[in-house]
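Below you'll find a set of structures to go through.
You will see subunit A twice below: alongside subunit B first, and alongside subunit C after that.
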Partner chain A sequence: MSSEILVTSTGLHALSYFIPVIFLSLVGFIILAMGTRNTGKSIMSWITFFTLAVGGVLTYLLTPIGTSIFGGTLVFNSFGLYFALIMIISSMFICYPALKGLTAKSEIFYATLLFVTVGMILAAFSYNLITLFISFEAVSIGTYVLASFGKSRRNLEGTVKYFFTGTIATAFILLGSSFFYLGTGTFNLSILATSIATPEISLALIFLIVGFGFKLAIFPMHQWAIDTYDGAENSVSAFLSAGSKVLAYVVILKVFLLGFSSDFKDVYYLFVILSILTMTYGNISALSQNNLKRLLAYSSVAQAGYLILVLAVVSSTGNITSGVASLAIASGMFYSLVYIFMKGGSFIALNSVNHESVELADVSGLAKKSPALAVSFAILLLALAGIPLTGGFFAKYLLFLSLIEGGLWWLAVIAILNSAISVFYYFRVIMYMFGRNPVGDQEFDLTRSVKVPVYASATITVVLSLMILWFPAVINIASGLFG
Partner chain B sequence: MYWPGWFIFISPLIGFVLSYGIGRKRRNLAGIIASLSILGSLIASLVTFLQVQSSGAIYNHFQWFYNINAGIYIDHLSLVMAIMVSFVSLMIHLFAMYYMKDDPNRHIYFAETALFTAGMLGLVVASNLVLFFLFWELVGLCSYLLIGFWFFKPNAASAAKKAFIVTRVGDLLFLVGMALLYESLTGFTGLGSNSPLSIPFLITNASAISAYVGKATLGIVAVLFLAGAAGKSSQFPLHVWIPDAMEGPTTVSALIHAATMVTAGVYLVARVFNLFYFSADFALYSVVILGSFTAIFAGIVGLFVNDIKRILAYSTISQIGYMLSAIGLGGLFGYTGVSYGMFHLVVHAVFKALLFMSAGAILIALMDLRDTRLMGGLWKKMPLTITLLFIGSLALVAFPLTSGYFSKDTIIDASWVYYAHYGTVESFLPWLFLSLGALMTTLYTFRMFFRVALGKPRSHLAEHSKDPSIFALIPLFVLAFGSLTLGLIQTPFYNYIYSGSSLPTAVPFNIRMVPLAFLAIGIVVTYAIYGTDLWKKLDFSRNPLYKLGKNKFYLDYLFTNILAERAIVPLAAGFTLFENRYNRSVEKTGSEALKLGDIFRKIQNGVIENYFIILIMGISLIFIIIELVGVF
Partner chain C sequence: MLILLIFLLTVIFSASSFAINGKRRTFAIASSAIVLILTIAYSLLRFSGTYVSGFQSSASYNLVPSIGIMFSLGVSGFSDVLLLLSAIVILISLLITEKNKFGNSLYSYILIAETGLYGILISRDFLFFYIFWEVVLIPVYFIIAQYGGKNKDSISLKFFVYTHIGSVFLLLSIFTIYTFHYEATKVFTFEISQLMVNKYISQIPIFWRYLAFFGFLLAFLVKMPSFPVHSWLPDTYDASPYPGTIILAGGLSLMGGYGLFGILMPIYSLLGSGILTILIYLGIISLLYFSLAAMMQQNLKRMMAYASAGAMGFVTLSFGAGLIETGYQATLELAGGMFQIVAHGLIMALVFASIYLIRQNTGHEAIHSLGGIFREAPMLSSFLLAGLLASLGLPGLAGFIGEFSILVGVFGAIGWLIIAVVFSMIITASYHIWAAQRSLYGPYNENLGQIHDVTGEQFAVLMGTLIVIFILGIAPNLIYGMLVSYVGGII
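Coming up: the complex of A and B.
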């Protein structure tokens, strides 16, 4: 399976593996200190951006691929590195657009963003329920703070809901981890040779999916997401639905494919049911939605449903070393990469509307005011719908291909039907942008901080469709999931 | 990676973007940019020629998707096509700068012709049938766009539609053939690491493939490919679109519907000739019979047409028939048949481009008056253009020592050898059709030429026509030179395509003289009728045979009025009726889904306690289901 040979490393020099993480945290504190001296927010945004960029490069260069430390608690492999880099990019992505919504205490925003990224990097390399829990919690708490930035009551309401549900999710994770320990006698996630399906394991399965599923917003743990994405600043919504979702996704991949490798039958049924419900619920609810932000939030729920199809495929084959399993995981990895750009970019595109709550009618006539922005937004929506020539198409194509190769063609049919439904509401948005005249004397915010990220994400989404050539490399990395 | 090989089709692609982008602001630059990009292709093709001379065929490819690869495969066959296409296209672009100089949308015209050339060259060098098909469709699209370039003319718009729909029939059959081939190759052990539809793989392993999939199956694949070729190369009965396509600009007719795109079908058959060769005998026999029948059929129809461009269009159909039958004769001659066909293809491209562009020059002088009955006496009015037309006509009728004589009479001779070898009635048909086709060619060509050139001007426009400037005609001189002299390279050309090629031998002198006799008869008859005023006094309009020919054997009537209007339109109406019923249920589903969405939205009421209730209920239910399923 993995071509990377694990080297166990102990001792103090293991600290050197944490240089990128330490670097990011240090700059976080420096930014906090700069806040006391009233440094301008745009300077801080640039510092954060470059710090994250440097952090990303450092992570790429310094991660000791193939090393496992602290008795298998942290495993550095290219699978984790791939996701760590994706999450760093998603943090970088919102530095600039976030400027728009920041009115005060911007140092806290940027410092928190850095701390959250640290948590994400650690989670990507963790192979132990305790360290996973801690890093996951670090991200959660950080995102509560990020979500609370903004001035309105709606905003606060969303944050409070997020906080309450997040806390409950934490409780579920802790309980689930305890049951897991009861069942297996370890917190480490590694493949178990024997098949055990004790009641403890079943309970752990349910509790952990509730706990981690909250962040991925899968049905029926999705409801906070709609209110919070709607209430939060656009850039924060972008982050919550992109970076923080990818985090939850990688954690779920690890916990359920490794930790429950002894109980794949239950994992299979669980994820088949969850993915069907999540896709269908998200898409159907989005159909009649007139609030654009909520529409995107529901679409984000539906996308989570597509993402967890991967677990259904892998657990149905039961053989994690098989080619189908690798293909499925690699397609999930590719999907996450495309997803952060298409989803993050769409939320940021809403920055062009100067309202607090963005209705569908608010984007009408955008094509007349700024054709380039409208076209870019349209590309992102088409990518979400999975229309060819965008990266989104190949992401879906590969995912559905792995479903069919894995023999789950009926599930593929359901997923494709769902995609077809989703085309309706994505095109509705495009129709509004291109087919209607602006309402009243609607003014769009067409400053650079809105345009540049949207152009960038649209371009990347299209360019990623060429990355299909690079896909075999991703398949090689995919087997790294299993340590 | 051998970059010049890729540059062959990438250069006009860049030209497409630039000539549109820059041409939007500076109309006059568009033509120059497009021509330069095609000059780039020509140079790249020549450089590749030298490379292939020293290192053999070039095959660069990468994995595209699944087990299909994409890339370039350049051997002698594709080089000949690439050089021919880029050279002829360059000449036509140069003339088009004159021809289109007053069109307000000429930047779109040049962008589209550059895109067309890119597609055509891409098709020529493609290494895989899937990529080949992609470019095949691209040229089809460009053909549609360019036929309808003057879309404000209703005739042009409907002609574009007709061309698109009719060629689609062939394309579909081609696609089915590809799918059948792909499917039947599964499990073939000789596949190795090759892609199943890769052209070099298909042509080198054709005999093993034939042994694996069976001669009959491969024959069906080959016939389906032939159907695709018939659509693109306008062979009977799918030829009906090409005469209508003459509504586009004349340079388009010269480029697409005479020299390059319509030969793509011939190229396809030549490209995968080995598949035809190693499959059942009916495959190559259907090629030869289709080609020779089309050659005579289109020749006959050409006799009844008065529009100068349409006469040339029917002659194109007929000449492509010659090329296909030459390849089909490969059943006896092997690869030598391909050499014969390809030489006629190249020669035809040169003289037909010349004919079309001289016709274009006439049409400019005559304000797009296309009826030959209203011309007359033009040799005196525009001596240069008509002399060029004359040279083209001589090559077309295979007048001795012109290039057409070498390329076409070789094919007719070869068909006699074919008969002499098999000695059956059905093997006699090709020779009969092809040599009678030679008579038809002479008749329709000189019928057109004498009407245009001799006599007195029969309209006001013809009286006041004059030659275009000599600079505009330079590309025509180049082509005229080619039409006269290309015969010199006959034997080297045959040997370049296939080193074992030889001229057909052992043809009796009498047989060899038959086409020449037909030529002489044709010229005498047409001069007697059309060189004088005799034709005005003849009236055949009541003769049933004349009616049959005049109505193109009712094929257009059959397709448009019977098949399309009587069968497909009512069928479509019936489907619509059914669909309306059915749609209502579909719409019902949609509106119900929207209602369901509303219900879901109500669940999302913003009260966080409810969220938890739903969570607990939902997850418990899921848990119970899992446990229940786990029990069974």
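Coming up: the complex of A and C.
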């Protein structure tokens, strides 16, 4: 059991563990101050980028692996570190492409981005419902601000929807946490030895699934995501569907696999049903979309369905430290990493279209105007569809492998068929880019801030398929969510 | 090791072709010629005379031992023959393109397809086998989607989704036997030679075993294509540009055949007579159905698309029948079936290349729009005629050998059903001749105007292909011996 290796640390000394977080917040305030002096937005974007890079390095170097502070509310371990780094990368990822959509008050955008990242890092290390809630809320409020960046009223409609559903989700999380406390007598998330399945626990399970499910956009709680991704700036959609989603995912992993380890049977049934519904609904709705951004939004709903398959596998084994469970969690971790680049990159590729509300026809002929951009976008879509030679293939492959290892053959068949269906709509996009001529006098925006991030994410997506070589290390990190 | 170098060379060629802008066609032709020459040299070194059975150049590189990920390679007599076939088919498909007709990407796609085919044929572990299996699809999809004819959008999508669904079932089967292998031995491995063995496959519970067989067969039969899962074929062949059609006919159907004979054959005794009988019937139905469908076609390209599928019906038939029978007849049929894959690939390359040149020179490929073009383009017409004759199985050309040895052996397994096979062969012969008669001979269709015959380079390509077909027809033992040794090592 990993809890034995934890070193408990108290007092002021613990503050030194927060140097990366303090550093990021400080720069956030500095950027806000720079806004009053009319600093150029590209300078701010670079400062944010390098701050996040330095913050990532600091997090990597200064995180005291195996330390637990504040009575177990924060646990620093490799699992949390892995996700903290992933989320820092996802924030870095949108610094540069966001420049395109920023017209005014860019300091607020970049400062908020830094504050959101702080919340994400804290959430990655939290093993307590209260700290999780606080850091999660810090991220949510920040993303409400990010989502409202832009000018048109359409954007605001999506944001308002996001805000209201987000607030309702918050209420659900709070209620769920209270019931959780009633049932277990603690807010801490740790593996419970005894099996307790009281009504309070079941209520907590339902409320928490609804609350956190909103953020991950799983099936019945997904509708806001479609409108918000559609309405927001492309780079913000990229962030919402990549970084913010991975955050919701890691929180869900912790809450349901640790907090409800006494009640795995219910967790299993819930997540099997939710994952099947989410995958199938997302894929089938994406099939008929002609709006490219909504298509990607539905696809990210479907991807959330694949991600929560991990919970089904782990809860079906009943033992979070078993080999199959570790494989499943590790495959989820790997998926999250690849997912950031393939999904974020796809949304950012839409920056090449000059107007809002990107239709499928708007990318037609992209291959003729900029072959490299079209090929990179195609690579990202192929990765989303799980075609070999991309990281997306190995991500899906490991996920399905863990399903079969866990004995959930039928679920694997459903997931594989779903992934075959998804090929249809990803390839429709590719077809428009390569097979059609540009519509009218359509001009693409092929400036560097559009192209470079897409090239980078396509390259990284391909290179990540080599990460399979380090996969055993990821399995070690996954061990029982306590790394 | 030589084969690994050749494979890496194909990877380098296909990747670096994207960087060449001016003379990508020349580069592609040169690189695929180098690959072909090296493959021939490799075959002479490893497979001339000394080959008994089993695998040459076996090697294995552990990548992630803890979950059994490795890159294993090995070349059997059968896969070596198919390596040669794919190198030739790729070279032909490159050579028949005219300069400046297609965009540069086409040449890169074709080279990637070659890399994928080589990868499939040399991989001896299921992970990389699957990866390359999928890799081949992507360039072919792009060839159709970018350079295809009418309705290329929906047809290329249909092609991809159809074959991709086959592939995901292949993946499921691979996972199934991988997991059961782990449960039985506590060893993670994807190595084909360890997974596909009777001793261990027979321990898999019957439901999962048949599920795995179903996945394998579905993936392979879709590629062949065989009767119930063929509906992607006519449209795809038709909409694809000719270089793509040649790769579809020579390369993709090769994958199906390789799957049957290269992957499934070692565990043939577990397939049971039930599955094998189903395969026999599928083969016979394919033969009949596709030859009848071909007869109804008005368009040479579509007709030959059905003819190609019909010829692959022989392969399915020989696989089923050969594994039911024993002894001499079994060897004859199985080797015949594998020979048929090779012959079919070469002949279809010749036929589609000739039809392509006719289409280029006259602007037509529908039979009734042509007519009497022998008068104006005697050489081109003769090449098409030779291809058609080879395709219908004329003795002396490669198509005869495979069909003959299958027909000789198959009686023991299917009895008087052989009449259906012979009947389909008669139909095949008649529509081939009929098509040649209507399009090549008779009074010249003056609407076509002045048309020119093959140029020097085109002549060399077609003649070279024809010579290979002819040599294999009169000296089949060049590869037949290798195939027989390969079969001998398994049954």
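Quick note on the criterion: the second predicted complex is superposed on the first by the 476 of 483 C-alpha atoms of A that agree within 3 Å, B and C clash if a C-alpha of one lies under 4 Å from a C-alpha of the other, contacts with A are read in each partner's own complex, and residues count from 1 in each chain.
Following the convention adopted for this analysis, a residue touches a chain if its C-beta (ideal position, glycine included) is under 8 Å from a C-beta of that chain, and two chains touch if they have at least 3 such contacts.
Quick caveat: nothing in here was measured; it's all calculated off a predicted structure.
Contacts of A:382 after superposition on the shared chain: subunit C is touched, whereas subunit B is not. With both structures placed on the common chain, the touch criterion links A:287 to subunit B but leaves subunit C unconnected.
Once the two complexes are laid over each other on the shared chain, residue contacts for A:227 go to subunit B alone; subunit C is not touched. In the superposition on chain A, contact is made by A:423 with subunit C only, not with subunit B. With both structures placed on the common chain, the touch criterion links A:475 to subunit C but leaves subunit B unconnected. Look at A:393: by the touch rule set out above, it reaches subunit C but stays clear of subunit B.
Subunit A residues 424, 468-469, 472 lie at the interface with subunit B in one structure and with subunit C in the other. Subunit C makes touch with subunit A in their complex at residues 63-64, 66-67, 69, 105, 130-132, 134-135, 138, 141-142, 145-146, 148, 152-153, 156-157, 160-161, 164-165, 168-169, 171-172, 175-176, 178-179, 182, 208.
Within the complex, the subunit B residues that touch subunit A are 62-63, 65, 590, 593-598, 600-601, 603-604, 606, 608, 611-612, 614-615, 617-619, 622-623, 625-627, 629-630. Within the complex formed with subunit B, the residues of subunit A that make contact are 157, 161, 164-165, 168, 197, 202, 206, 209-210, 219-221, 223-224, 226-227, 265-266, 269-270, 273-274, 281, 284-289, 421, 424, 468-469, 472. Remark: subunit A residues 327, 367, 371, 382, 387-389, 393, 397, 400-401, 404-405, 409, 412-413, 416-417, 419-420, 423-424, 427-428, 430-431, 434-436, 468-469, 471-472, 475 touch subunit C in the complex.
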